[in-house]
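Presented sequentially are two complexes of subunit A, the first with subunit B as partner and the second with subunit C.
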Partner chain A sequence: MEQGVTLILNSLTLISILVLVSLGLAIIFGLMNVINLAHGEFVTIGAYTLALTQAMGGNYWVALVMAPLIGAMFGLLIEKGMIRYLYEKPTSIILATWGLGMVLQQGLQLVFGAAPQRVSSPISGAVDILGASYPAYRLMLIGFSILIILACYALLRFTRFGLDIRAVIQDRSMASALGIDTERVNARAFALGAALAAIAGVLIAPLTVVIAQMGINYLARSFFVVIVGGIGGVGGVVAGSTLVGGLEGFMNYHLPVTVSQALVLVAAIVIVRFRPRGLVPA
Partner chain B sequence: MSTKFITRRTTLKGIGTGLAAGGLAMTGFPAIVKAQSETVKIGFLTALTGLETILGETQLNCFKLAVEEINAAGGIDGREVEFLVEDDQTTTKGTIDKARKLAFQDEVDAIIGMIASLEHVAARSVTTPAKKLLMYTTYYEGEVCERYFAATGQVPNQQIVPTTKWLTENVGKSVYILGSDYIWPRRSAEAIKNAFEANGGKVLGAEFFPFGTQDFGPAFDRIRAAKPDLVWMMVAGADGVTVLKQYRSFGLEPQLVGNAWDEIYSFAHPDLAEGTISNQAYFMGIDTPENKRFIEAYRARFGADKPINAIGEAAYDATYLYKLAVEKAGSTDVEKVIPALSQVEFAAPQGRVNMSAINNHMRCNSILARAKADGMWETIENFGQIDPDIPGCSL
Partner chain C sequence: MLNTTSLKAAYGAVPVLLGVDLALGEGEILALLGRNGAGKTTLMRTLIGLLKATGGSVTFAGADITNFPPHDIARRGIAYVPQGRGIFPKLTVAENLELGTRSRPDGRSDVPAEIFDYFPRLRERLSQSAGTMSGGEQQMLAIGRALAGDPKILLLDEPSEGIQPSIVHQIGEFLKRIVADTGISVLLVEQNIDLALATADRCIVMEKGRIVREGSVEEMSDETVMREFLAV
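On to the complex of A and B.
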């Protein structure tokens, strides 16, 4: 029983991490079709926001509010300064964002040094759940990712902004003809994706090492989640993360981690073979 | 180039250096002529990006410090030391490419550096056939017995064995091992297992994780079930911080031990590191004039509150041992330098060091210590210099 509870909670933690880092990518890659190889660095920017805020005496919650603003600002700058010239050239976007990622990594390292940054979590200690004691922060992480999923869903489904984005994705020229400012929608969507990644950075930071290169750990996995889950939006991310995180979490209890990660990869290839548009296609 | 000419300024500088050496003023003069003709070229190859970035910066700084000191004191036998830095990205391919560049394109006299064992394996595949001296400055699994390879970091009998003996006598006899999934943790786990069994202890489990693992939760569950007295961590580079953060958040009881923990980790996260036990050849707390001077020089050059660790100090030692060996050999010819390496000794920050002639490994010191709340390490026991044991090796 006790082990069953921690197994589920550990899997939920892994799923939450995957959902958090992939949501932003689902919008930028899934919806806007931009292959953004600097996505991991947006996560890093969020984590560094937390480190900097705490170093200056601010608390965790301030950083959680600041990070999406800073992330959105970065996203907007990058979209306006770079991405918007490249929408018609997907390969150029790959190269440009790859380079951007390296510039951001080395830039952070130049400013902050190579040493890991210090961050602390707002809550510590463990909570007893059905006889199993589990770190409180991880429970908070799970709670927040559920909230963020719901907020994203609501944003895309019920707001004017969401409607505009969906219209632009379905048919860019028709949306434009109907009076939607597609350039503005693009810029906002990119900023939103970056903001989500930055929130993810703050939430993940207390669980992991905060260094300029930390984004690399998330880049491949978030693409993986979005492709397996389906390039369709929030539903695809949840499905992809649940499959990858759940399977890995479960197999980790029976197999060496290296083997279970490889098996998850194999499973994903099989799924993509039979469902090329992912588990939950748009 | 102007290096061919003896200008008034360089002559004065040369005389100045000679005078600075006091009674050796006379030897300073012929040295200048040599300095004009050629330099000693050292390649520094390490991880400046990738998993081991957090360790590479300090290691490079220590190397630079040694080179700058050597040059300021008149170079190696009067020849200026020139160095090239290459980043191997903590990857096998990166290391091979950069080792080839240093060996064949830049034609360096020796290569110093490297952190993760995958780097020394990759670099040796280039340097050993090319007959280039490779000096590795990180504690590792031991086991390499090659003429053109020298190591200034600890091997298991200098680090794991004395640590295990102390742990089984003073803390407990059962251990659970967590490591990264590559050669160093896997081979070291074998050494830990042998050492525990030799002392009547037992390894309850060993798990290895790919680089960049995000969640160690499942392993902690198994540790809780196994109830070991000790948890021995060899999760490398940046992942070492992740596993420590998560271990603390799960509030696990067993005493933490690691042979990769040092000031880099404890300065960044003193709250997480406090109370952990580690064994290194060098800790900043060593109370000797050599170490005080070393720390002062490092901090004057690179920043006041910067940590220094054993890997960095070993790079400093390697550079000095190389200098002394070249001077002893009277040449940078690798065939002459290698036998000379074991004939010199250096008053290092960690204490006196020299190399073993039979395996080209350094007689490192072995210091068992516990992390304090301020990030410094408190010595539990200093085992002093230990002869490196590479089974079956006789060069």
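On to the complex of A and C.
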């Protein structure tokens, strides 16, 4: 019982992390067909925002507010300065964002050094759940990701910007012929995706080793999530994360991490073979 | 109101419009006829800015709008109903209509009530996915959505395509009523000659990327003209 509860909560933590990282990626990939290999670095930027804020004596909550703003600013800068010239050339985008990721990693390492950054979580201690004692911070992370999922869903479903995004995903030409400035939608959506990744970075940071290369850990898995779950919707991200994170969480318990990650990859391939548009196509 | 001078357009290296001159007057319904592949849809796409002109110019209300981005052209008051209707099948009828208001200069996003006077059936279906409606209803939605932006010009590409004959007749009646009420101008591409002649004030005929004939509805109704330009 106790072990079962811990196992489920561990899986939920992993699923939450995947959801947080993948939401932004799904919006960017689904809307603009942009394969952004620098997405992991937006997560890193969020984690470094926390490290820097705490190093300067600020607290966790300040960082949690600052990170999405900094992420959005970076996202906007990169879309305006680079991505928007490359929409017609998908391969160039892959190369350019890969290069950008390297530059950001090396830049962070040059400025902050190679040693892991110190970060601390805002709450400590454990909570008793059905006989299992579980770290309170992880429960907070699960709660936050549920909030962020709901907020993203509401944004896409009920706001003007959300309707524009859904229209552009379905038919970009028609959307522009109706008077929607699709380039502006692109730029804002890119900024939103980066902001979400940066929030993820703050939330993840206390549970992991904060180094310049940390983003790589999340990049491949979040692409799995988006492809398995279905491109362009919140439902797809939740379904994909539940599958990838759930499987990995349960298998980690019995198998070495490398083996369970390989098995998740196999499962992803099988699913995409039978549902090429993902579990929950937008 | 809307004029083109020697307008040229191409798909890649293949020229399709070879120099189109046309003038659409205020409150006029102008029918654009021509065989399949003549370049009618290409002309519509160039007018709304989805395809770049490779030569010539488009002017609207005195301003040169050649190669302006589509959203800019739409916001100036040109609405486009593409061949195949171009509705968003996974969005609801209400959402499709709201997207029609994005071109309004006043920035409002409420759908004008007149739309539902013209097409009462849309009101009953507001929360339904647009893709689940019949072809005729989708065409009404596409026209209603275009009108929601309060345009000055309506570009309508083959509205009768794939629609029951009873509804085709209705669409013609709608168009005449809307033009009478609002003073909007319509450029109507039609393969259904009867609909075109019953609705339009004037006709032009396109062949291989050029306008080759222009005339009143009476002149066009002439059997020999029809055979010469429109028979397959």
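Of note:
Just so it is clear, the second predicted complex is superposed on the first by the 282 of 282 C-alpha atoms of A that agree within 3 Å, B and C clash if a C-alpha of one lies under 4 Å from a C-alpha of the other, contacts with A are read in each partner's own complex, and residues count from 1 in each chain.
Everything that follows uses one rule, which is that a residue touches a chain if its C-beta (ideal position, glycine included) is under 8 Å from a C-beta of that chain, and two chains touch if they have at least 3 such contacts.
Because the structure is predicted, anything quoted here is derived from the model rather than measured.
Residue contacts after overlaying the shared chain place A:A154 against neither subunit B nor subunit C.
By the touch criterion stated above, A:R166 is placed in contact with subunit C alone, subunit B being left untouched.
Taking subunit B and subunit C in turn and counting the residues of subunit A each one touches, the greater count comes from B. Contacts of A:L95 after superposition: neither subunit B nor subunit C is touched. Of the two partner chains placed by the overlay, neither subunit B nor subunit C lies in contact with A:L110. Remark: subunit A residues 160, 163-164, 166-167, 170-171, 173-182, 282 touch subunit C in the complex.
Per the touch definition, subunit A reaches subunit B in the complex via residues 3, 6-7, 9-10, 13-14, 17, 105, 109, 113-118, 120-121, 124-126, 133, 135, 137-138, 206-209, 211-214, 216-217, 249, 252-253, 256-258, 261. Residues 49-51, 53-54, 56-57, 181, 207-210, 212-215, 217-219, 221, 225, 238-242, 245-246, 249-251, 264-265, 267-269, 271, 307 of subunit B are the ones touching subunit A in the complex.
Residues of subunit C that touch subunit A in their complex: 48-50, 69-71, 74-75, 80, 82, 86, 88-91, 95, 98-100, 102-104, 109, 145, 149.
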